[in-house]
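We call the chains A, B, C and D, going by the order they appear; numbering starts again at 1 in every chain.
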Amino acid sequence: MVAAREVGVGLVSVGWMGRVHARAYGAVRVHYPDLAVSPRLVAAADVSEDARTYARDALGFERTTSDWREVIDDPAVDVVSICTPNFLHHAVALAAASAGKPFWIEKPMGRGAAESAEIARAAAEAGLVTAVGFNYRHAPAVARIRELVRSGALGRITNVRVALLADYSADPRGALTWRFRSELAGSGVLGDLLSHGADLAQYTVGRIAETTAITERFIRERPLPGSASAGHFERGSDTAPTGAVENEDYAALLVRFESGAVGVLDSSRVAVGPHAEYTLEVYGTLGSVRWDFQRLNELQIADTRDGYRTVMAESAFGDFSRFQPGQGTSMGFDDLKTIEAQLFLRSVLEGRQLAPSASDAWAAAEIVAAAERSAEARSWERIHEVSGETTIDA
Amino acid sequence: MVAAREVGVGLVSVGWMGRVHARAYGAVRVHYPDLAVSPRLVAAADVSEDARTYARDALGFERTTSDWREVIDDPAVDVVSICTPNFLHHAVALAAASAGKPFWIEKPMGRGAAESAEIARAAAEAGLVTAVGFNYRHAPAVARIRELVRSGALGRITNVRVALLADYSADPRGALTWRFRSELAGSGVLGDLLSHGADLAQYTVGRIAETTAITERFIRERPLPGSASAGHFERGSDTAPTGAVENEDYAALLVRFESGAVGVLDSSRVAVGPHAEYTLEVYGTLGSVRWDFQRLNELQIADTRDGYRTVMAESAFGDFSRFQPGQGTSMGFDDLKTIEAQLFLRSVLEGRQLAPSASDAWAAAEIVAAAERSAEARSWERIHEVSGETTIDA
Amino acid sequence: MVAAREVGVGLVSVGWMGRVHARAYGAVRVHYPDLAVSPRLVAAADVSEDARTYARDALGFERTTSDWREVIDDPAVDVVSICTPNFLHHAVALAAASAGKPFWIEKPMGRGAAESAEIARAAAEAGLVTAVGFNYRHAPAVARIRELVRSGALGRITNVRVALLADYSADPRGALTWRFRSELAGSGVLGDLLSHGADLAQYTVGRIAETTAITERFIRERPLPGSASAGHFERGSDTAPTGAVENEDYAALLVRFESGAVGVLDSSRVAVGPHAEYTLEVYGTLGSVRWDFQRLNELQIADTRDGYRTVMAESAFGDFSRFQPGQGTSMGFDDLKTIEAQLFLRSVLEGRQLAPSASDAWAAAEIVAAAERSAEARSWERIHEVSGETTIDA
Amino acid sequence: MVAAREVGVGLVSVGWMGRVHARAYGAVRVHYPDLAVSPRLVAAADVSEDARTYARDALGFERTTSDWREVIDDPAVDVVSICTPNFLHHAVALAAASAGKPFWIEKPMGRGAAESAEIARAAAEAGLVTAVGFNYRHAPAVARIRELVRSGALGRITNVRVALLADYSADPRGALTWRFRSELAGSGVLGDLLSHGADLAQYTVGRIAETTAITERFIRERPLPGSASAGHFERGSDTAPTGAVENEDYAALLVRFESGAVGVLDSSRVAVGPHAEYTLEVYGTLGSVRWDFQRLNELQIADTRDGYRTVMAESAFGDFSRFQPGQGTSMGFDDLKTIEAQLFLRSVLEGRQLAPSASDAWAAAEIVAAAERSAEARSWERIHEVSGETTIDA
């Protein structure tokens, strides 16, 4: 029997993502027994008492606190998951870096390129591996797309089409939460969804060099929330006072990759119809592929001129066979986070960056920043280079 | 804080299903914190050393053994998961029953109606709740179908269409494992897949009264396996001696429900094209619904004459919101087993039968048995009644 | 220039099908210039004055009449299209046969097997080629299926799945027209839809040997129609007196082909959801195919174990390139009738049976008859042999 | 009986489109008997003898010629169909205008905005109605989209997504025909496909005000054709000398509508996978719709936040019920041309512009021109206004 290496985990914020992170740590062992890691859920922080109770009773954290700094400082905590609302990412990440603790941080990493750069640099200076919540990368079908692209099976890549159409803000009575305020959230759909799409495009096809973009706010006023901590799904009353939405509901980008490939990305958080339709399409001179997050386990492959084959995820698709024995049996979203947790822990244990990194997140933030500059200036903008270790072409 | 009730778990066989059961126990707590149960993985049995190592190191069982009786007899074991090949179900289940331990058993429960009856009766006589691996029931979309049917939203149910098309035995070079031998497996696709379909039909629409059926063996010889323990995916060599397939590759049934509704069920384990296409369609005078296991999170609903709406699983769909926060984010197959584990543990803790029961499995076995009689006699056959507690109409 | 051979056309009944026949004759020339036929629309009969006006003014018939016998007797009429309601098929067809005029008759040819047999025999005795409205055969995708089956590309055929789900009678307020009365229509959905499905199965896979079936009337009373000539879409008033539906809304058949292949066919005219969902699925040891009339131009082909490719109709698909230059541009339903008209005219001109024949229609009627006997007797029934020229295996 | 008004038709070029035009004239009468028009196929011109033979023998033109001017000058010709390759559109159209004959011209109308403007102005000055081959407009589903948009059923329109992905030039061995040479074809995919998309967007949502675009040539050299008249599908030999492709294979546009709505259009003629996938998606604050030309008869409608309903074309969809009696029975591509022919003839007979007009084509050409300027200058470009009668907002 191989002795499993124990890793002490600290979690900051026990909301949707915090819970998924905690479960993912727990699932690494059963899906990746060869990694022989045994994550120990040491400490969790949240300002909400319910969240803390859940962390202790349901997730099994040894201790909880309302002060996230205690998690960072806890000597039994070896690594930190940062799952706060966006406005706290920066502070928590810098604290983790200065404590020398590798962190797995949710996206968008910073409220903008500047914060993202600071976080990535802090991690690099501290010599830390990192992980970022670019979970769509881990879909086995995306791994397969990357392989088809990089192996040349699709020929020379000519163009991509990426769309991220969501309805989470489609209801105009949805309250004006932190997500709609630039001070707290940074950009709107650009950071929240399009950054995922930009990362997917770069991860599969390669680096984006420049962009021209438009952004729009379609719903410009929303009812003020009843409380500061109002979540995603709180609805304002019809008589509630309203406030201004400060960031974009929609963005569309034309892009040119360094390779010469071109493409289109567009994203909306107020679409009525699609729910979480995140699609990636890559076209090459020999074939094309299409994937939709809503049909996680399916990939459309045209590797001849005879049309698309619907291929169900199978052993040739990334880590699929870590999860299911054969085609037709579905993985779920949470499994993507297990893959991410594993990449993070493996990066920590092996001392090399395997998970999507802070620099990858910064790179995505630079695409967002260039899109913002472009939407303002009505011009093509080059994407600024980032430093540190990226995994896009790893 | 509610003190969680500890339940000692014993697992017999650590193959595909055994591992899924073990993970499912672990996941109940985080998805159903209100149940306040804390399953403790006490003991696991398997004849394979690799499986035992995995049980201990990856799944975290406290002890392992090659003799399943030790699991049953272990005083710290309160409940038992029976995940052996079919031919051991009966012996293990009777042992569990006589030890007074509630069990969660994989399907097909027995190698035929007789064995199934014995198991169900043994559990009933011991006053035990049970659970059976009719996992497709737990898909939130199936829960929604049941609700639409039972609430009358689809009007009077006129007919159903159920198909279970798989390719797991499509390769004629696939070895002649236990699944193809009647002594070890009982029936072929009837028990393995069609029993799921029969249960789905009964669970959503109600009891089936009679059937007429055909069965066929399409691949009549297969290479003998290299070893007795050969698994599903072992391929025979081209020069290997072959033996006779003893049970059916295909079955099709016409059925009449007690309500007067009618329907068609068909199933193949040698289809080339579909992988695990298990579809349930229910038609009523006011609407119809369609579901495919391969698109676990989608439901086609026609509740007017305007055509089908593709509805992504959402909070109105069974336990969906225990797993995901909103439409478009996918649950996976393993989550269905978490729901099943929860129903089993809740049945145990609350002392009432909530999970699909041994009598439900027996009822499905009687449909299989009637289909076999019918295929033989070329006649309509009534489905024999079962005793004990069923949950079909619960 | 090739001199086109003129053929004088007589049309009996100018309803939906009558109009499609007339247009189809007109379209043969442009799609099949090599046939060098020039159909001349000579005479049309209908009891409705509107229909006659339309025949003359819009369709361009030289003369019209309310008495169909005048069409048959018209010396300029060489061939006859029989598009009456079912109850007149027999009389008109026998008259055409005795006048020595080849006819193209709509399905179901007779009100039952006996009438169908008489018609087929009359044509055979008169030495006439015939055509029957089995239009789904002519879909290029169906031609492709047949080719894949007959060439062995799908291996040995194991089983078929055919469904014909329509909603044309789904509204319970739909009036009790001739279609619901056995004296006028013969059987219900069996003759109307399932006969198409039976023909498709036989045309692609081969002759069906025996069947066991169920039939059901789901809507047993309907409002009496306002007038005798009430059409398909007339709705009864809520206070109208009602009468009994005399034929089946639903049928399901298990079948065994002469080749040993087996299968399932089911059909409903009262489904709520599908409109004209006529699907044909053929499974073999090397692959499978799936087609849906509602997506006329698409074929799902699995010729490996890698899943289905969606292949848009193309030049390898029957007569597709007679109609469209490339994949993605759609043929419509009416084009199938043009192909049928061409087969009929070619049969006439070349003196050999190419179109689906009266004997084919009789063969389908025998399947219907066997299904009716089986539903009554609850037994397997052999399909009676037919005489005359069939094209199923041509 | 209404006496039908005879209209003498002249056709210039009897290729794919020429044949479709001719058939469409013939079909107007049967589908639109109320228009009481009787097109008479008078004269057709083509340089190919085969084409002329076909025109006479199969299509039934009274006379044919190799000189298109004879068609224009023919006194029995009242209206002219212009179906030549692009480089002749201008000359033929100006000749028709100066002869005072209304014309129906294929797209792209001119080789660029300048030619298009001249043609539109010539028609306007001659007081002629016109028609342009923007056939996708006529799909009943598109008519339905327009209605849903214009009635406010989708709320305020926020954004559109239009894609036109074709594979007609995907084979790099495809010969360097006139389509790839700017002198003969004008632009590449911009004029050929994107102009259709631009028109669809304007026709459903309203006028586009400005754009920023990229264009790309992915296949830069092609084998020289064997003959000057080489068609679409000719393949060059591997040793043939090659020449430069002069116009773009791909274009992508960001657009802003006058209404404030925004959108993305992209198009490729070298995609491998889609064949003629022309999709239109319109998103509004209350719902969204999606249509794909390859599934001509289907429309995805989300008019609530519950997801998309697949609605088969029905009587509420434009002119559907002129062609088919009910949902599920397919119209084909050629039917769209019949609708177009009817709009043209109705425009002529009623003296008012109902068909897509020369000014509409010019408007689309201005979008193409702005896209070309933008791709060159890397800037946003305003779309120039056009004069004359457009039907976009009619």
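The rule we apply is simple: a contact is a pair of C-beta atoms (placed from the backbone, for glycine too) under 8 Å apart; a residue touches a chain by one contact, two chains touch by 3 or more.
The UniProt protein names, listed by chain, are A, B, C, D = Gfo/Idh/MocA family oxidoreductase.
Only a predicted model underlies this, so the values are computations on that prediction, with no experimental measurement involved.
Q: Report which of B-C and A-C is connected by more C-beta pairs in contact.
A: The comparison resolves to B-C.
Q: Just curious, how far off is subunit C from subunit A if you go by their C-alpha centres, in Å?
A: For subunit A versus subunit C, the centre distance works out to 55 Å.
Q: Go ahead and note the Å separation of the Cα centroids belonging to subunit C and subunit D.
A: Taking the average C-alpha coordinate of subunit C and of subunit D, the gap between them is 35 Å.
Q: Round to the nearest whole Å and give the separation of the Cα centres of subunit B and subunit C.
A: 42
Q: Multi-chain contacts only, two chains or more: what residues does subunit D have there?
A: Residue numbers touching two or more other chains: 167, 274-275, 307-308, 312, 327.
Q: Based on which chains touch which, is the overall arrangement a line, ring, star, complete graph, or other?
A: complete
Q: Given the complex with subunit D, which residues does subunit B contribute to the contact?
A: 306-312, 327
Q: Hey, which residues of subunit C end up touching subunit D in the complex?
A: 1-2, 4, 16, 19, 22-23, 26-27, 29-30, 33, 36, 53-54, 56-60, 166-168, 232, 274-277, 293-297, 312, 323-335
Q: Report the residues of subunit A in contact with subunit D in the complex, numbered from low to high.
A: On the subunit A side, the touching residues are 155-156, 158-159, 161, 163, 167, 170-172, 212-214, 216, 218-219, 249-250, 252, 254, 256, 262-264, 266, 268, 270-275, 283-288, 290, 300, 302, 304-305, 307-308, 378-380.
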